[in-house]
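What follows is a group of structures, each given as structure tokens.
Look at the two complexes coming up: subunit A is in both, with subunit B in one and subunit C in the other.
Presenting the complex of A and B:
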């Protein structure tokens, strides 16, 4: 028994170093490829909006709350606690941000959102870590409680304020933004020239240098900081050990309860930041129901990203991008993206053929064929389908590229001290 | 490592302390609760006892509930009556709404006015149980014999703001932001498009619906509203009209960011009066849906012993819809707007209620 446990923990706690390097190498390799594909599609189809600075800026705005919620999920699940209550913690975050930003400004507002999110995290931690309640049950309960508490407190907080109402806060201040003067103008100019690749790259530079919210920078820092903290420090190693094999961690002297508790509370705090971002950056005030399921999408993005920060950021950006594209120039942009998906499916089919996985290859080929038929027989995609685009794209990518996902080995399992060997 | 744990623990303690002040602050606004300080507390006439059931949001929503209350406030004094308000909760069922209406009917309130189309099935059930009392549903589709539906010719009001958009657009490119793609909002779009085309058929019209069938993504999606509006501005539009509920607040954020030379048109209430000061210079006008007028007219008719039933439509002629002039941005084109308004009232212009 103890031998088995130990072997599991070794494999989990110390992944072969070259594996990590190839994964990183791949992530950077994808970036120019994606840029070239999108740029080529823009030139071929004439759908200029698919790589405009405006679309990329909107994509970032849509992606960050999802990524932050996903990051919350990452902390919790890496310590072995499934957190389906992200949505609820995010709702608490929007409320905290709304209340504290109105009274004390954006930075206290951010702290307030973190505190409110942490309350949700503490609740989940007490239920799952201390009392051993089923993780899903506790998470669902938090989602329900948070929605109720938020609409109750929103009425108490905002009803009598000028410009506020029982379901919404008054307009709030926005966090400061950063514009790098020379670069922003030059890139905007270049982006407008419709040159292959160069203009697209310039649009990306423009989106990152003009009116970039400091909260966006903070969010990106949190993503990379989490990667460093959980994978490069012994604190992180212990925390992940609690998610892979808590009994093994216990035998090595790690206080598993403490780490799990901490991770779940951190999860709530990050969800709170996600709520703050949604309240003060993506919109301009608190509103009941503004999260709209983004916490669940964050959870999906984390799974999509194989329980890793870089992966979940990619997943969130993919979702945010398709969502922004369909909201801005709906039919036209999604029509152009359809071409990309079809070409991608064809490439996947060839790859599957090489791997001699004939069923998958045929399926990919079939879908690609239908998609191409659709592409060439229409000019725009009707509204019913553009709304599905973000979900369908994410599902397709998940189905094709993420077949080797591995969740933390003890994720979702109840842990009791002293049950080792 | 031990140190990291300690730092983390300290951070958590700090956060707990913060959470502590959060809960102590929470009590503050509750003590200054001013809800209930309404006309219904002070009115003591012996005229009709009016019952008003709000939709989610209730009094203070700066939108249709408040508009209904404004009508109630005035008409209670006009007819020297009394009244009672009841609030709704989010995510409730028809049974909850029926219970609320039954409470009013049981309490002898007559007429009973329900705000919002969601009440229609509940009114049908309860109105049948209390055939002696009169019911009305704002925007409704109830079928009971003693129930009236107070509906609005949104397409006619939208036509006029479409005219205003066309006259003010220098880029010859205007936009429409819709909430949920269905007959209700399509009527707004159809009227708006007809108004724009009446001025200049060459003007390009962009149209975006935030959702096909999900009311939350359609009407409560401020972030999505801003993204879609910014997209239309980037694609050359300089005037955008929204019929997207609270998502429309995203349009106001977008127009402020787009800056000078861009306009937004509000809906339902005079939104110039409720947006932030920084956004006011961009609110060209608003399409008004006078729920207050409909409440006043309905109760007045009831008081005179002739409560209407079936569908009652409030249009331009009865001043049930219109456009706002706050801010003075449409003063220079008001003659033309009034001219079109008269043509619609006279029947010379037939405004479509469905898109082509």
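Presenting the complex of A and C:
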């Protein structure tokens, strides 16, 4: 019995290193492919906005809060605590950012958002780590509490301010932006020429070099920093051990409670940063309900990314992109994206056929056929359907690839000290 | 203290502890915002007038249905976060169906309720199917389906509905299919929704199915010890799908009392957010039919009593969400604390019985 357990936990705690390298290799291989596909679609369909600098910039703006929330989810789930309260912690972050940015400027605002998010994290940590409450239950409660606290305090904070109201703050200062002179202009020029591939690449360069918010850089640094901290340091190994096999970690002298508590509080802080980004960068101030379920989308992005920072960033960019495509001449853009999805599904069907999984192949083929029928019988897609796009994408991805996902082995399980053995 | 007295004290301790914690947290938030907690408590704790009492009953019937829907999943560790989307799609489908008046009078009503249950079950079934065939976590898929439901209903409403002032609404349900409301007090302008009685029916059905049928036994067994359930021949996949369908069907009922008793058409008057509140109510009631009823009443009471806060005390009624959320969180924490205390007590009793007056020895592991 003990042999089986041991073998299982070793395999779970240490995935073969080659697997990770091939995964990273693939991630970069995908990038030119995606660019070519989007560029080709732009040329074929004439939907210019699917790769304009404006769309890509909007995509980044939409993706970063999702990625930060997902990063929060990553910290807590890697330590074995499911965090469905990300949404609530993010709401607290928007409130903290709104209040402190208005009174003390952008950087104190960021700290305020982190502090408010951390309060949500501490609440979740106390409930799940100290008292062993079911993680989902605590998360649901935190979402309720946070939404209530935020709309209540927003009224107290902003009602009497000039330009503010009971549900929104006055306009707030924005964090500084970076423009790289020369590169920004040249890329903008090239992007406007509608050349295959080159213009699309230039649009991407332009989106990254013109008016790039410092907060965006900070967010990207947090993503890569997390990757380094959790996978390249002994601290990270211990933290992940708490999510894979807390009892094994305990027998090796790791204070599992402390690591879990820390991870969940970090999760709240990162959600707070996500809220700050949403409040001061992606919009002009605090507003009730501005998170609009992005905490949940962040959770989905993290699962999509197989509980890894690179993967969750990819997932967030995908969701951010569908969101941005919807906002910028949405009907046309999403209509063009529908073509990509159908072609992708056809490819998936062929792949499934090769793997002799006929049911999935037929299903993919059927959906692709319906999609193509829809594509050719219409010119634009109604706004309501473009609104669904990110969610439907998530469902499709989960349905097609869920078997390749592996969550931390002890994720969501209750742990109590001294039950090892 | 005699054993049965301490047992009662222990089972009452958890909810009491939770309410004290919620009260403290609310008071702290009020003080932090510079409001007067005394005004808050005076408004909340004053006895509601008859018309408010009826509102409380109406709202708690709706919340009860929502709580039951969530509890069916919870009882087998299935987190159906999607009650929100399920009842929205279902209410819309029922409103459209009933407005067609394909059947006469009450028959139309009955058929529409069946349509609502079927639609809710269908919407939940997507998540169930994804879970059993593709292993997709129902937590994520139902969250996605919630968002999809909002957009889908908005689209369909624009297709079949007609503009009425600012809002878009479906055609009204013919008057012969309305369900008469029940006047509870002669001096009250508000009346109890006729279909609010669905809550009672659903509650009875819930406890009978769960406690008296094989299906219910399998469901509870799967929730409490999946390995044991599998060993005794329970097909877990089938159970997941069935309980998801059942949960969705009950979720379909949530919108019925209001649809047939007050609004008579689907439009902007349809309440949203009940699905999420229902989850909290189910948690508060510990997924037990009587507990959920108490939870629904408490939530409905707090919400209704908070309404006049803005006028009477100058406090935003949103504060009540803090009270409700903290109650849920502290109830689960309090039960855990009490459970740990009880286990410790039992261990001491066993040690006492085994070793008598000697020092109780630590059992070797």
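Note that in this section the second predicted complex is superposed on the first by the 414 of 421 C-alpha atoms of A that agree within 3 Å, B and C clash if a C-alpha of one lies under 4 Å from a C-alpha of the other, contacts with A are read in each partner's own complex, and residues count from 1 in each chain.
The definition used in the following text is that a residue touches a chain if its C-beta (ideal position, glycine included) is under 8 Å from a C-beta of that chain, and two chains touch if they have at least 3 such contacts.
Keep in mind that this is a model prediction, so the values were computed, not measured.
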Is A:251 contacted by the first partner subunit B, the second partner subunit C, both or neither?
-> neither
Should A:306 be classified as contacting the first partner (subunit B), the second (subunit C), both, or neither?
-> neither
Looking at the overlay, does A:171 come into contact with subunit B only (first), subunit C only (second), both, or neither?
-> first
Given the touch rule stated above, what does A:112 touch, subunit B (first), subunit C (second), both, or neither?
-> first
Given the touch rule stated above, what does A:141 touch, subunit B (first), subunit C (second), both, or neither?
-> second
After lining up the shared chain so the two structures overlap, which partner does A:357 touch, if you call subunit B first and subunit C second: first, second, both or neither?
-> neither
Of the two partner chains, subunit B (first) and subunit C (second), which one does A:151 touch, if any: first, second, both, or neither?
-> both
Considering only the touch criterion stated at the top, classify A:391 as touching first (subunit B), second (subunit C), both, or neither.
-> second
Which positions of subunit A sit in both the subunit B and the subunit C interface?
-> 151, 153, 156, 166, 384, 387
Within their complex, subunit B touches subunit A through residues 1, 4-5, 8-9, 12, 15-16, 18-19, 22, 25-26, 29-30, 32-35, 56-58, 60-62, 90, 181, 208-212, 216-217, 220-224, 226-228, 230-232, 234-235, 246, 249-250, 253, 274-276, 279
Which positions of subunit A touch subunit B when the two form their complex?
-> 49, 52, 54-55, 58, 61-62, 96, 99, 111-112, 114-116, 118-119, 151, 153, 156-157, 159-160, 163, 165-168, 170-171, 233-235, 238, 258, 262, 265, 269, 278, 282-285, 287-290, 292, 323-324, 327-330, 383-384, 387
Would you pull the subunit A residues touching subunit C in the complex into a rising list?
-> 84, 123, 127, 131-134, 136-138, 140-149, 151-153, 155-156, 166, 293, 296, 299-300, 303, 382, 384-385, 387-388, 391-392, 394-395, 398-400, 402-403, 421
Subunit C contacts subunit A in the complex at 29, 32-35, 79, 81, 130, 134-137, 139-141, 143-145, 147-148, 150-152, 154-155, 158, 276-277, 279-280, 283, 316, 318-326, 328-329, 332-333, 336-337, 365
